[in-house]
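Here the chain labels run A, B, C, D and E in written order, and each chain numbers its own residues starting at 1.
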Amino acid sequence: MSEGRGRLVAELTLRRPSFTLDVALEIPAGQVVAVLGPNGAGKSTLLDTLAGLLRPDAGRIELDGRLLTDTRTRVHVPAHRRRVGLLAQQALLFPHLTVRDNVAFGPRCAGASRAEAARLAGDWLADVDAADLAARRPTQLSGGQAQRVALARALAGEPELLLLDEPLSALDVDVAPAMRALLRRVLGGGGPGVGAGHGEAPRTALLVTHHLLDAVVLADRVLVLVEGRVVEDGPAREVLARPRSPFGARIAGLNLVSGTACEGGLRTDDGTLVSGRPGHGTNGGPAVAVFPPSAVSVFRDRPDGSPRNVFPVLLVALEPHAEVVRMRAGVPAGGPDWLDGLAADVTPAAVADLGAEPGVPLWFAVKANEVGIHPATR
Amino acid sequence: GGGAQPSSGAGGQPGEGTLTVSAAASLTKVFGELEKRFETDNPGVDVVLNLGSSSTLAEQIVHGAPVDVFAAASPATMKTVADAGLAGAEQPVFTTNKLQIAVAAGNPKGVTGFADLNKPGVITVVCAPQVPCGAATEKVEKASGIALRPASREPDVKSVVNKVTSGNADAGVVYLTDVLDNDAKVDGVSFPEADNAINDYPVTALKNAPHAALAAKFVELVRGEDGRRALEAAGFGTP
Amino acid sequence: MIPGAPVRDRHVVGVGLPRVLWVPALVGLALIALPVVGLVVRADLARFPELVTGGAALSALGLSLRTAAVSTLLCLLFGGPLAAVLARSGAPGLRLIRPIVLLPLVLPPVVGGLALLYTVGRTGFGGRVLELWFGITVPFTTAAVVLAQTFVSMPFLVVSLEGALRTAGERYESVAATLGASPATVFRRVTLPLVLPGVGSGLVLAFARALGEFGATIAFAGSLQGTTQTLPLLVYQVREVDVDGAVALSLVLVVVAVLVIAVARPRAAEGLG
Amino acid sequence: MIPGAPVRDRHVVGVGLPRVLWVPALVGLALIALPVVGLVVRADLARFPELVTGGAALSALGLSLRTAAVSTLLCLLFGGPLAAVLARSGAPGLRLIRPIVLLPLVLPPVVGGLALLYTVGRTGFGGRVLELWFGITVPFTTAAVVLAQTFVSMPFLVVSLEGALRTAGERYESVAATLGASPATVFRRVTLPLVLPGVGSGLVLAFARALGEFGATIAFAGSLQGTTQTLPLLVYQVREVDVDGAVALSLVLVVVAVLVIAVARPRAAEGLG
Amino acid sequence: MSEGRGRLVAELTLRRPSFTLDVALEIPAGQVVAVLGPNGAGKSTLLDTLAGLLRPDAGRIELDGRLLTDTRTRVHVPAHRRRVGLLAQQALLFPHLTVRDNVAFGPRCAGASRAEAARLAGDWLADVDAADLAARRPTQLSGGQAQRVALARALAGEPELLLLDEPLSALDVDVAPAMRALLRRVLGGGGPGVGAGHGEAPRTALLVTHHLLDAVVLADRVLVLVEGRVVEDGPAREVLARPRSPFGARIAGLNLVSGTACEGGLRTDDGTLVSGRPGHGTNGGPAVAVFPPSAVSVFRDRPDGSPRNVFPVLLVALEPHAEVVRMRAGVPAGGPDWLDGLAADVTPAAVADLGAEPGVPLWFAVKANEVGIHPATR
């Protein structure tokens, strides 16, 4: 993979009667940023503004040094010249075009010949598992089918900056993981056609989602928006480990361990094997192991049983939540760094049983089946 | 059709003291004056003019329009009404109209007679043969043996006049009355052949006129001294 | 923006029009505007006051406005439902009925007036029925003017409204039905508001057509001052003796019509503020 | 159904129309159809063949169809962009321009013809320019007929298309722009297809209006068989001497027009098969 | 609660060029049925047909004895007289009405006065946490806000049969649980206004979802549709425990234990305490404990540590899946019935370590934090 494309620098304010979006962003080329936040937080507004569909009241947007918006100098590059693709929250497939022509629309606008565009569209449709729908009209699709076609259409545009507004809602349990894998490949610079990676640079992208898993699996960085402001911004792992806002805390609920995918799980830099269920395309590459704090069992002594992953830790903090207590691990003497910040959610009764208090050594155990191994995003 | 029984008007129709006069459009100016005259002579009476092309007016009468007096621009249209049994006992010709060539003021193209209308470089406009002035023009053509090559055969004489006054035609065959109406903008060129095609205007108090007495009185006015004077002033001839 | 949505975010940036469209658009505008400008230049503006305050002109203008308004209303009352039936009813044979609506469009107006005369005139079938049963004679009354205007204007409302109904789609109507709305309620509370711009266009066209109507009126209603002489008929009559006066008079008509439409249209055509 | 969606699931049950709508709809239909029926009943059908095969009639009918077709095309070429600009451009002052489009609607046609005569006639400014620079004289030519018809028909296309554009909304256009479509591409590949029903209605109205056009044509173009005498002009002239013949002739016009529209319309107005 | 309303009997066939829906259903009054299935399986088509928006090619539909559709006798009661409410997959709020008027639309149609309808709308809007949006137009809403308003509008219609097509997608993590609770209350016969239960009979409902949790929490019964046919139909627990179709197996991934909610968890009929995280409104009522097989640790000997729930079981089956082995529990001598069918997912390595084979006694351990306690649906 070469250098990334699409470094985004944006700083904008957009005021509505009962809402103000006020965001400053800097996204390095090739980075994928997950945008999380409650309904009405301004996620779609942010994306629409970046795409050039909304004009902010103040601010500037720059993509790869190209000035897209500057309210001071009244610059507003129109949407079609931004090379910014947007998958909106509604599918909005063109009702008068077939599915294939919908997907071919972007390539055609980019100058592809009719045949070339149709071929590309076919490839993208195959990627979203909708090849057999190519000849249909949008009205003849189910909700999830339409969503997939819309995703294919947005990807086929091959923009420099890709904005995806809840691309995976409405998908069934079978398809969602496959789409997630597709997005990973595309965001990493791949083109259409399974296995036909263009070997291009990774793509800068903003991805709105309500599902933490999407954020963890697809994004390098998580941005939490609440009431139009960024309340959390950082690597997924950091935001999850140390949420600084109530909403962040509510969504934070996952432990992350980085390393290299291997047979049966992931190997950390210090050589520890974290057993887990390998996901799509994790063979040998950098990966993260993800598991919820609730999946962590805590023992005074080393347990003996099915859990594959048993780590000695030092208890550093007890965070009482609504009904559970979150135990935060620290690194015991000589232990690996990645243990720092691992969380286990246990009941208050268990805390009492364990006689747990900061400073005591404990064992964290996690079943391999609770641990998802996902390709790391960088 | 025809033969319907007229009754005094209902709804928004003219009331008792209202005399409805259907007259050919070319009579607009003269009948406007006569209307005032009649209203002065007969206080309480309101004359309402219904001006239009003679054939339209005839159609209306045939289909039961409650009209008192009908003044047509051609005996043919009067015949339509008479054939339907609706005309009064007599339908006298009360005036005539004669053709004249209208040219732009100053006569820049030097049109001096009917034959000049075919001169190269002269754009001529005439009336369609179906309307009285066109029929008259055709008669002249036959009588003189000069077949015109007009740029247009217009369906009413006002359109011909307009083409000349607006400078789009160099000459138009119209009525003397039209030339007088527009004497600021056009000059008239008389030609002897016009005498072969005098146009007759008949008038009648309709048989089923809602106001038969008043209708007869109006016809009298038209045919009387006052009528003649007004008609002559406008360029109409005496039968 | 969703169809019919009346509230617009001021931040929304339209896609913009292709620049090249401006060229034909301006040509089109010129085609319409220049002749009228020519007319205005040519008109003897000094005579305006005299013409407008003349009794005949005022009475004709008033009659024109009144009859055109009533005709437009009738078009809406009868043509609106007709458009809805054409656009939405699945009734068989509708394909055959649609062309009928276009008849008054292509019939030369004078012939349209004759048709009315034949039908509702004293000697026509309808006319005889009206006279026998109700003692009403239509020709030469203001009612005849309204009838003639309605006859020629209705297709404008029907055709443009039908187009709007087809564009608007039916998904919202289905939603309303699942919420328990009867077809009548759906029509009143969902369909109509969604096609308001179409209704607006249709009304403007119908009103304008009614206001300018001449041929059918003169053939069917005659030209009686105060009763049936609308402004276009007066213009015709004045033209017989005084072309410049006729032009000036028709400019009066134009100004008044544009004013009426400009005042009435924004609400009807651009949503309910 | 989504706007413009051409494929319809045969299982879809429409919401149905309120029954009561049928009453005014049928009244409206009767209002339009009965007079025409009256006309047909009255017409001397035996004379049809003779009239139609008469040289003047055939030539006038052909001229009418040709000029109306060309005018409709011109309306589309210039009026379409004008409608788009009016509906979509945010340019300031547009509110002031919109009423101008309505001028030919309310101007009595004869006066409209005079306006053209004053402008593009020999003595008008435009006419002098044309004559000096290109040696073209417009009045009394077929071009004049087309010009007159275009002038009176254009507003019909503009107003009904503008209504459709307003109803169609802009969300799909935004999507197209984010896919890299320039405004021109958006217009051609998204906007236009979505408002096809509106374009269809507009074309039908414009064509019908052009076909029936009388007043402006006579005032501006004159009436010469083969060159400027369209069927409505012929009907008017024939009527002066032979009402029944005129009625029969106009029925010919009506039948032909309805046929032309019925053949052309389904594609234009109801989506692309 | 009184007797339920809205017993639905339906039998329909609807053919499209490349799809055929062929379903026979009988839903007792007051039952809530979750409909699951892949994209394009026919879920929305089924709902649209029941609502009267689509006419089946063959079949009949009967609601509470009222014949709604019968293709043989050509009966087709129009949508507005069915008393069947439909929340479609797209929000489709009336763009020309305010949010309040959108919600008041149903009550108005049902004959409520303007004031009464506005009051009801206000109550429903408060329920979906959208009270402050009442005066807005639909175009001024975010995606999730629109979805919530659409839900309120559908509920305000107070239909006898409620059809909900993915009512909870697009909702943020904060709101989704609250909406789930709202749906529970409404489906149980409640009206608008928090705590203002009408005390009416529970409502018959079909609920399309892609999220198993919705099915478990809200539905009495699960119906899995694949390619237009019902491939699974039964109580949630049964479908999950013994999936009979590949799709069913893929979505099945939860253990269910019924009992009565109590402090700290749920008590089974035999008195066992299953510790867990209590959800919304579970105080003292019937409840289910839900936990994924992957959360179950398996031990040879009784473990000692944080897991609160430790059950002795008899291993009855080993089901190899893609990368894990699912262990199925049986009831050991004298043990409670509810142990039957419990599943634990472990790695093949763990199976080997445990020397597990059918017939051996084992310990299943589950952390209380992995166990969700949800009110039972009946």
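Points to keep in mind about this one:
The criterion applied here is as follows: a contact is a pair of C-beta atoms (placed from the backbone, for glycine too) under 8 Å apart; a residue touches a chain by one contact, two chains touch by 3 or more.
What you see is a predicted model; the values in this text were computed from it and never measured.
Of the two chain pairs considered here, B-D and D-E, the higher C-beta contact count falls to B-D. We define each chain's centre as the mean of its Cα atoms; on that basis subunit A and subunit C are separated by 57 Å.
The geometric centre of subunit C is 15 Å away from that of subunit D, both derived from CA atoms. Centre-to-centre separation between subunit B and subunit C, using Cα means, comes to 33 Å.
Multi-chain contact residues of subunit A (touching two or more other chains): 16, 52-53, 78-80, 140. Among the residues of subunit C, those touching two or more other chains are numbered 1-5, 9, 15-16, 110, 114, 118, 124, 171, 174, 176-177, 182-183, 186, 194, 236, 239, 243. Within subunit B, contacts with two or more other chains are made by residues 59, 162. Pairs of chains that satisfy the touch definition comprise A-C, A-D, A-E, B-C, B-D, C-D, C-E, D-E.
Per the touch definition, subunit A reaches subunit E in the complex via residues 16, 18, 37-41, 43-45, 89-90, 132, 140-145, 147-148, 165-166, 169-176, 210, 212, 247, 250-251, 264, 275, 277-278, 293-301, 303-308, 323-324, 344-347, 349-350, 353-354, 363, 365, 367-370. Every residue of subunit C that touches subunit A in the complex is listed here, in rising order: 9, 11-13, 15-16. Every residue of subunit D that touches subunit C in the complex is listed here, in rising order: 1-5, 14-25, 27-29, 31-39, 42, 77-82, 84-85, 88-90, 97-112, 114-116, 118-120, 124-126, 150-151, 154-156, 158-160, 162-164, 166-171, 173-174, 176-177, 182-184, 186-187, 194-195, 197-198, 200-202, 204-205, 208-209, 211-212, 214-215, 232, 235-236, 239, 243, 246-247, 250, 253-254, 257-258, 261-262, 269-270.
The touching residues of subunit C, counted against subunit B in their complex, run 110, 114, 117-118, 121-124, 127, 135-137, 139-143, 218-219, 222-227, 236-237, 239-241, 243.
Considering their complex, residues 51-53, 78-81, 83-86, 88, 92, 94-97, 105-106, 109-110, 137-140, 153-154, 157, 159 of subunit A touch subunit D.
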